[in-house]
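Worksheet: the structure to be examined is printed underneath.
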């Protein structure tokens, strides 16, 4: 029998695409009960259901639709856990205000990710980084916390790399992404820019992937020294980022050994049976033409990364493979929820 | 004043997508006058215009539409130059029959590309390989010739790499492609497979790119020892292949130096002012979000490769960049026509 | 508590797109247990899971994957109910062989639809047509039965029209469709034909819509005399047909009255609580820009038709509106399953 | 030999998508020489080439790129003819200011279209409406003029209807459109709204089509009393509106007679050989699956309407057919240029 904790939960910036995904994922969640949604000045006071331009398949449930939108200030919020889907520009200051007011904040924004006393977490990859919260509380003298999930592309990449890092070691990673339109939010990418087209540029994305990957794959106090090079591209796909990954390993590894390490990979979220943890974090497919975003993005309810075409590389001593993950689930809201579950499991909430 | 040579020209396999592109490109050509089209048994005897499922924007001209389709046998053809758009399986034997019968054959098929006495040519990159024809004629004891153009992805890649190879030397190349649907012919890719989707696999494509790139960048008798690794993907784009390229150079080079080497690059086809040679083989764009296939695939009438986002790499001592080229023009029929023009300029036709 | 009947069920032509949808819909069905799948000669003897090119999101379950594919002949089948997903050309004769051998056959093919002693059924629209089976058995002297579901476009159209017909009467219907690619099967529509394009033609579709609509809306022995004109178009959408419908009614009706009649509409499948019957057969949305196929095609698990933009017409005394339905669920396999449930409820199975 | 008039030409609102199309169409125009471009306050003072987010295939020529953007006020403009690509909200007042200042203004905006003393022109359809300018000048006491082109959908529809109206008379028209994304401007339609989707609503479009069609098909002082009903839909197509048209004629007409009337149709712009007039205003195709926007939108350089599938209707005494036209050429900038040429030919400029 699932215990029912009913932790009061707030979503900051709930009307955007990531905010919507938070609400969808938390619908029926055994621990987190959304009781507060916040929005921009323009939307404050309205009912969520009347205000949001809902862009996901199933509409918000009646309870959520009837929540009144509050301003994004700590005094207006009564919650045990706060998820931030704020734009980066606003999140820097507002998230600190919430942490100072004692709230544990799990943020999808890039603002705090690279600060040394802020955990940047992909729970199956670096669960131990939770302990950075203790340091943060000491240094910042607050009772709350700021914990961040990675950039969507990084979340998919690092989860696929973790079994390799653990078993064979990583020297270099070259990654070329084909990213879904939903990663740019709504309205986001204009149809005139992407129908019958590819855009070989996403603002600051490559820099984020390169630095976040090293932080996540590193130890608590030290980034990994794996070399990472990313090239990021937008493609005409709704959901699901595809990544072509070329890896140089420390120890020699055959494609079969890499595949086994991925298939067998489990981490703390699986051991602890956290509600949002997928049974199989990395799913390896053997068909010659998989993974594909339309068919594989919902694997593990969007929390698994699907890998295929693992083959020897001809430039590196290592392998190349294709990986797919759901960019607004594993790559954003789902990852944040799993972080919050991890925090609760370790007594940080 | 353009000289008008009126060389009689045959297109083998003229009803397919590459055959159609040959006819479109040769419409109004100053030297090559299409007088014969061949097709499969099912189509022989019909008028071209009644038989073809034309899939390009402007329909074939009246003269072409009224050509009768012949069987693909040397005796049925009266031509000074033969272009082959045959499927690989058929081309192996048929192209040899035509060469034995004395025809110069320029082929878009993969069948003969890797044979040591067959030139595999991207004219601006390895014009000197034309001399392999002499060796071929000696060894095979025929008066005709077989010359091949590269795989579409390789054609784009090698043209973008040539200025770097010449000025700074190449050690390693990692390339991830986003390839247009037209590369798979017609009907080719099913819409159910590619709408809202990416297919991370194209049959034998990566192997072709890796081996053909080394042959083209090599000397007449010796492949280059540059290491090449490719990952090939199909995307929902009609025409134009996009390539994310990571390059390790022998000599250090800044992105600006690489850009200059590309912008300044000219080769024999430009010097000889061959009719199909683009004025600028490699066009470098400075916008942060170009090149894009829909907007750049027609540059130089589809014969130029457009490069952008040249930046320092963080894995290799070198650069990374995005390149776009028209897969059925520079990557197929257009390249073949430029090869034929090159052959004529050197007296091989 | 659901009774569990475990009727043995066969799918004829199980490897195609509609066959796949049958298997997906019957997964976990309370009455129908798929025990036999048949396929073309090429596939007979293989395991279903190894043979099928599965094109739906979630893969077939293990039990289905392990079924051996049989030839499509009555002697090879042991079943209480047979669903036919055969191509029209083959279905004409084969379905009769099965009916003669005593099987009740529910067919998605067009072959028998217009025969006067074969029910053409959209269960909420013409449940009473089941009685035609008695006439069929008498005339054809067999114990089995052939019952057919409509063409996909007709299924959506007639369900949306039924509440209007019942309450206000129908004089004329003009319908322009925007049909999904999955309606053409797999591989079906080439991506080169439909990316950045519309095809204003679907073979025999308009004729089917016009005649099937009159049969379904008619009485057991007499087609309706409503005038119907259809124009059918293929659009770059995966699943879900959109229809622009212009209706001339017998009695005057405001858009609000039409909307109410649709919202309140229930029929025998709802009263009988048949397992596949949607709670609400016609869902009316009030947003100005709905229904949309991507967001509404899964309403009622794909069995509801979603209608919106009901407004007065300026040519007809009547209304115009937009309707969406899932073409391979309500428009094919789902409709057939609902027909079989209807047959069972009335003792025909 | 073309005469070269070199009329100084201004484009108001030149940076938007229609403004860009004006510049592209006027590049090399024998009469109109663009010397002034205007833009919003934010852009004034910048060079056009540095400011515009160019969204068409070939970039603006060097002369245009180097024009300085002016404020949209009459005093800042020195021109013989003014084209307005202003948003509707701004155009109402600004276009009147220009007309009062003596400029002939041809506007793509909806603001003035339905005013009785403003010609709403599709030149091949209602050339005689030019005489309304005389009335306008008398009533409004100005030397300038405001003349408007129709809404894009109406431009395509009315051109296809004109030969029918002329030869057989029109009673009713039912039209269902499938409209390209470029009709919504840039950024316009979000990719998340239109990939794998249809939007069955375009703000005020149906009302525009219904009233503009009657005005254009009417006499100088009296709208036509043809009944028109439109249903408008957005589809994932870049350029080219597709329309399914059902027509009730006054006199009986076979599809062949309708086709002949269209093929033979010529009007004043053809007789006067106006530079932008297509040789064949309505092109009839006989293939069963044409017209299609990707293949037919450039017919007559985007100024022809392509019609196909003319067949008898089963609701109306009349026909149904599919029509395609380029929405930003015939449906916007191209139509406006042809209007200006018509005005010049009759001495209004």
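Per-chain residue numbering starts at 1, and chain names A, B, C and D are given in the order in which the chains are listed.
Note that in this section contacts are C-beta pairs under 8 Å (C-beta built on N, C-alpha and C of every residue); 3 or more make two chains touch, one makes a residue touch a chain.
Please read these numbers as outputs of a predicted model, since none were measured by experiment.
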item: Interface with more contacting C-beta pairs, comparing C-D to B-D; value: C-D
item: Centroid comparison with subunit C (C-alpha atoms), farthest chain; value: B
item: Gap in Å, rounded to a whole number, between the CA centres of subunit D and subunit B; value: 40
item: Whole-Å gap between the CA centroids of subunit A and subunit D; value: 47
item: Sequence positions of subunit C contacting 2 or more other chains; value: 195-196, 236-238, 294-295
item: Residues of subunit B defined as touching subunit A within the complex; value: 172-174, 176, 178, 196-201, 210, 227-229, 231, 233, 235-238, 242, 244, 246, 288-295, 308-309, 313-316, 320, 322
item: For the subunit B and subunit D complex, residues of the former touching the latter; value: 57, 195-196, 238, 294-295, 298
item: Subunit B - residues contacting subunit C, complex; value: 17, 55, 181-182, 186-196, 236-238
